Amino acid sequence: MRMMKALFLTLTLGAPISVSSACAETLKVAGPWEIAGIEPAQTGYVFSRLQVAETLVTTDKQGTLAPGLAKRWTVSDDGLNWSFALRDNAVFHDGTKVTAEAAVASLRRTLGGVGVLAQAPIAEIAGEGGEIRIKLHKPFSALPAYLVHFSTIILAPSSFDGAGKITGIVGSGPYQVKTLTPPARLELEGSGRWWGGEPGISEVSYLAVGQGETRALMAESGEADLVFSMLPVSVDRLKANPKLDVQIATIPRTRILKVNAASPFFDQIEERQAISAAIDRVGITKVILRNADLAATQLFPPAMKGWNIARVEPLTQDVEKAKALLAAAGWTPGRDGILEKDGKRFSVTMLTYSSWPELPPLATALQAQLRRVGINVKVSVGNSSEIPARHKDGTLEMGLISRLYSIVPDPVGTLLQDYGPGGSDWGATGWDNKEMQAVVEKLAATSDASVRAPLQTQAVEILQQELPSIPVTWSELAIVSSKRITGVAVDPLEVNYGLSSIRWVK
Amino acid sequence: MSTIDNMTSTRARTGVGTARLAGAGLLILLGGFALLGPLVISSDPSAQDLGASLAPIGGDYLLGADHYGRSLLARLAHGARLSFGMAFLTMLAAAVPGILLGLAAAWKGGWAERMLEFVATVVLALPGLMLVLLLLAFSPGDYGPLFLGLSLTLWVEFYRLTKATTRTVLAQPHIEAARMLGFGSRYILVHYVLPVIGPMIATLSAFAMATAIIAVSTLSAISVGLQPPTPELGSMIVELLPYFAEAPVHVLLPAVLIFLLVLGLQLLAQGDRA
Amino acid sequence: MNIPINTDLSVSDLSVHSQSGPIVSGVSLAVGRGRPLTLLGESGSGKSLVAQAIMGNLPNELRATGHILFKGAEILRETPSERRRRWGRSISLLPQEPWLALDPTMRVAPQVAEVHRYVKAKSVEDSAVAARSNLSDVSLQQAAELYPFQMSGGMGQRAAIAIAHAADAELLIADEPTKGLDAALRRSVTARLLSEVEAGRLLLTITHDVAVARALGGTIGVMLDGRLVEYGEARKLLEAPEHSYTKALLAAEPARWEPRKQKNAGEMVVAGRGLEKRYGDKALFSGLDIEVAAGEIVSIFGPSGCGKTTIGNILLGLAKSDEGMVERKPDLSPLRFQKLYQDPPAAFAPHQTIRKGLKDLVRLHGKDWADVEALAGRLRLSDILLDRLPGQISGGELQRFALLRALLLAPVFLFADEATSRLDPVSQKEVVTFLREIVEETGLAVLLVTHDRDVAEKISTRMIDLGGSRLRDR
Amino acid sequence: MKNFLVARLLQAGIVSVAVGALCFILMRVLPGDAAMRIAAGRYGPDARIADAAEKVRLELGLDRPIAMQFLEWLGSLARFDLGHSLVTGRAVAHELQVQLGASVWLAAAALVLSLLIGPIVGLFGGLKPGGAADRLGLMGAVIFRAIPPFVLGLILMLVFSRQLGWLPPAGFGSPREILLPALTLALGLAAMSSRVTRNAVAAVAQAPYFAFARYKGLSEPIVVRRHGLRNAAIPVVSYLGLQAIYLIEGVVVVESLFAYPGIGHALVHAIVERDIPMVQGTALMMGLMFVAIGAAVDLLTLWLDPRTGKTV
């Protein structure tokens, strides 16, 4: 076979094969994300995950906050003044020290742009002598969690031109950018300056591969040593491959059916509960996600401690109950089996998008299941912006979306948006629940775990009862690595993939 | 010497004849499947039975079931009908204006022709796929823009062929002779031009249909074509692709169906362009 | 038949068979040094097959039997590769219509030089020198760097002769060497062929042109339907032909036609005054006056490319003149002005039977089918021909159908554009005879365009010579 | 020669303006809020798109009159400025540099591979029409033309990457990575060009000059080399110009399949994200590529066929 391969390559390329051996020292990584630009608010996560740039605060593998560029932080008693102390030995890739002035400039720029930081009640950012001070309008316990977000990566002043436009990524992580060929390729090398020591493998090459199936092939053919985000269907096959390791972690992401509670179809709780009861979550997860444990019996997955409440009644399929609930809400089957009320057919459009490859198949399955209780659903796969757009103008009926609850590690930030007054792009639509709003407000103001726990339970119970968004499945992240490497760990919050601790197997 | 010419040409003709015959036979079979299949096969192509996910061939489901447990036989039949139908409509929508404009350009010449030529050049310089993508953005997943976009790119070929051939025919002395003998344009069109362009148009139509089938399935394959749960052959391949390790034949079935459809059309069109 | 014993090429009892039977049978002939042989016959008579059998390039479907002895070797027994080895070495061919036989994408000089380079295995430089000398032998030294499309037909013919000459083979086969050439050029071609004979080469010429056979002298063989019907010494055969076909062939030569009886012309039917036509900034003709009256045959004579066809088209209104005007006898339907075309098959729709075309014409003008039948009888066109496609009948018959078609509309003026130049001599004479008869009977006015001075002289009442002072060899 | 250049330049100009205008109009009348789409493209589906859209709208001046925006585009086009990508914020010309380069490499590799396959198969078929080589070639051509490019790509990927592990299924930059996508395109191209070559060669083999070359006494290889190849190449080359369309379109599909970051890939993304300057830029580049290929074919034909020299 080797002979054949050599012969084949010589024939087709007319050149000897030195390519693969020359690259032996490089860790080849493939993932789904394209690097369309280098603006941190857009693609900062790539540089954060690949450890090119760092944030002040980061998380450990359990999802709890951990020191990043800031070695510790404190908050004043009134909860308005935060102080973050920088590491003394942090150096940017251009050789300059990570000073408070540089970090403040970087954060101020972030604050003025699009990103989570703009949503925090920040009054002022200042700093001197290795300490960053952030002043708030009102107490906001989640601030350190917000500073984990990739848009807040700290970049050296040399990353920007005079007008504040970003020209390059000069971060402080173990790896520095060697070459970037947008949108697909990023070559990294050890910076030699990291405060955490030298990375195990100094050369890393990242390739963006959009198609999940192609990524699986990359892993199988040995063209990549580490591949992120495997499709659920490929996982079993990859697990069986003796040359590969597969690691899976549940991530705080839930696929939900976002319904417009102001529309005549979903304005009654019974209708929303009926939809929920009509869905065969187990069947869907078994077939499409290949893991029945991912059936979302409530909004938050078990991995989110304190947010997954064991005692709430799980959401399960019960077609008869669904039919009864719909009948109670005044819907009666029409001649063709589709429900009707006051001469109006229960016919809705389900918007979804293909940024997440599993969404269209899920929509297809949901469509068939809802049809069984007499609801006619038209699936429309479009651009992800259509859902916020239709949310805004009120014409949204139903949308199947994938919602991340760890945009900042504390889900409160997300809940604040999603179930606050007026709902949000990816949260509730037409659902205005004062009780929920009060609970979330209280949560946001405190960081005392004992005060928060009952509030969290209360919030989950409200959502479980009211179902402004109907959970369908939870998510997991599968990472495939070649047995040539060791030290691979899955970060469920996808903040940092820890490439620097990967080593070649001797 | 003319006998020799006749001998060689008849031999060549029979060679093409068998290919044509094979193509026609294939198309009749597939056409029958596409037309009658959906009527005979009672199961709904979108009815799911998650319990029967990837059911094997020959069991409860004659050709197995896809990952949602939908009958592949029913989906293939509906898919074939869709592909055929779309291709035929697209071809018609491209051929009719293409031929009429081609005739007009060859007949009138002058300004009208230059205008048409310009439009054709611009359309040709626009990547056809881009046009389709742009139009699809109007209403994703609808048949209308898909078929409009494809026709918009395909008409040019009909236009060019008709124009060039008609122009050659019209330049021949026998047309001048017919005009001098008092025959009108209508007679010349029906008796002299159409018999010449007819077979060429037929060939081109078959090719255009083949192109349309491939284009529709390709667009579905890069997820911008028709939307679920439409049983479209291209999207069936892509949907089933991740399962190829478990059910390779299931993935192969729609691919083979596309292949046979296009092969049939190609064989039927076997002319000098083969 | 009397075959000289001392010959270098002798053919005896040669037959060529196709799957459906023999196409050439029992041909015997001989070529000797200083005695060129000319095979004379119309297309389809089998004369080309005889040449191909000698050359060894018969189509695969055909099989030759008999004997061909060339310098003591039996050619028919040789394998295809042995025969091919003779090409360019002991046998060379002067192809018909040489401008098509020259590679259109290669300059002339290398096309000659490659014979020296690859056949004679000379060095590159020697080949180039030899090629230049070959070209200057045919006065083409100036044209060495030209591409075939930049040369006239006559130059192409000379280039082909240079190539044949470069091969320096003993036997030269000239296939229709004058086909497609103007009369003036024919003479120079025959002169060159004769000089090859004087140089000691064996020459076998295939032609349908009696004038070529006469000019070459030597021996003449006349072929008809695959048989050699007459064979003998040229002078004797031309003066006292024995076979009736030979007699008809000779009688069909325009030079031997009966001159036209002078007859008073009727009134003017169509006239052009002060006509001028330009191509770019070059005038084809200018200040041309032409008038055709009833019962008159006016000839325009000139070499190809002189604009003679354009004049006819201007009179018919098919082309526009840049200057001048056309006058027609008033109150005549335009349908009564008709045209005969140079290439008869092109003047009929290729996929329409003759009958269908004529029927539609009769119906269109409310005529009677009996008129067609009467004319067909008159033009000796049999009924079976009506159901054939234009490609399935001979040029002579087709041209008579064209005449029939025109006559159905009772024309007053007929423009015959080289109407007989592509026909066999016998057919040509037939068509011309009918035309003359009709002119005399109906007072039809005819404008005849021809490149053949003899044709023009014999049948026209008046001649316009457009090419008198022009360069013959374009 | 001068006329020829002027004509091609004129064509390029007309194509530019027409393509630009068409894209502009189409993109403008597309349903949905452009700012929303751009925001989604920039910040991903997890972000608060509605908020971001407001900033985008202000930043890009999307609420100015359409005519004004178009005139601006035309004005900058005249200065060879294609504007800035709405999503990445970088100059379109800069974005395209990399992607166009990648696509040109892909297209060139595909063309070279197809030329290694198609014309050679066609040559053997055409020299002996009806022979075994001809029949095999015909069969291959029909089969490869009946396989949609994306299916062909998948098959190649499965065979060469998964089963044999010889070539990477994705990526770009090195010859190994370009091979699979190029081969996918090349097989489709070769399927067509082999038949054109076959017919061209068969026509040349029937031509009187080809026969005459034999009668001159030249051996068969010399006849084919000196009088066959060039003459047969003329129609093949002009057909290659037509294939440009297939190539440019094929690039879009194949690039999406093999995660190859070329211009086709960029176009699909730009359309989805409503990045109007990028759509215009890529469409323009594709149009110009088409014109350039046309010009190259013309030049090649000019060189191959002295007869065309007079007419252009």
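Points worth noting:
We just call them A, B, C and D in the order they show up, numbering each chain from 1.
The working rule: a residue touches a chain if its C-beta (ideal position, glycine included) is under 8 Å from a C-beta of that chain, and two chains touch if they have at least 3 such contacts.
As the structure is a computational prediction, the values presented were derived from the model and not from experiment.
Among the pairs A-B and C-D, the greater number of C-beta contacts is found at C-D.
Of all chains shown, D has the CA centroid lying nearest to the centroid of every protein CA atom. Work out the mean CA point of chain A and of chain C, and you get 86 Å between them.
For the pair chain A and chain B, the distance between C-alpha centroids works out to 43 Å.
We define each chain's centre as the mean of its Cα atoms; on that basis chain B and chain C are separated by 48 Å. Of all residues in chain D, those touching 2 or more other chains are 158, 256-257, 272, listed in ascending order. Chains touching one another, given as pairs, are A-B, A-D, B-C, B-D, C-D.
Residues 18-20, 23, 43-44, 48-49, 59, 61-62, 316, 318, 334-335, 337-339, 341, 343, 346-352, 360-361, 364-365, 402, 405-406, 409 of chain C are the ones that touch chain B when the two sit in their complex. Chain A meets chain B in the complex at residues 212-213, 231, 233-234, 237, 280, 283-284, 286-288, 354, 360-361, 363-365, 367-369, 379-382.
Chain D contributes residues 207-209, 211-219, 222, 226-227, 230-231, 234, 304-307 to its touches with chain C in the complex. Within the complex formed with chain D, the residues of chain C that make contact are 55, 57, 84, 87-89, 92-93, 95, 97, 100-106, 114-115, 118-119, 147, 149, 160, 163, 167. Residues of chain D that touch chain A in their complex: 32-33, 36-37, 39-53, 55, 85, 87-90, 95, 98, 157-158, 161-162, 164-176, 179, 256-261, 266, 269, 272-273.
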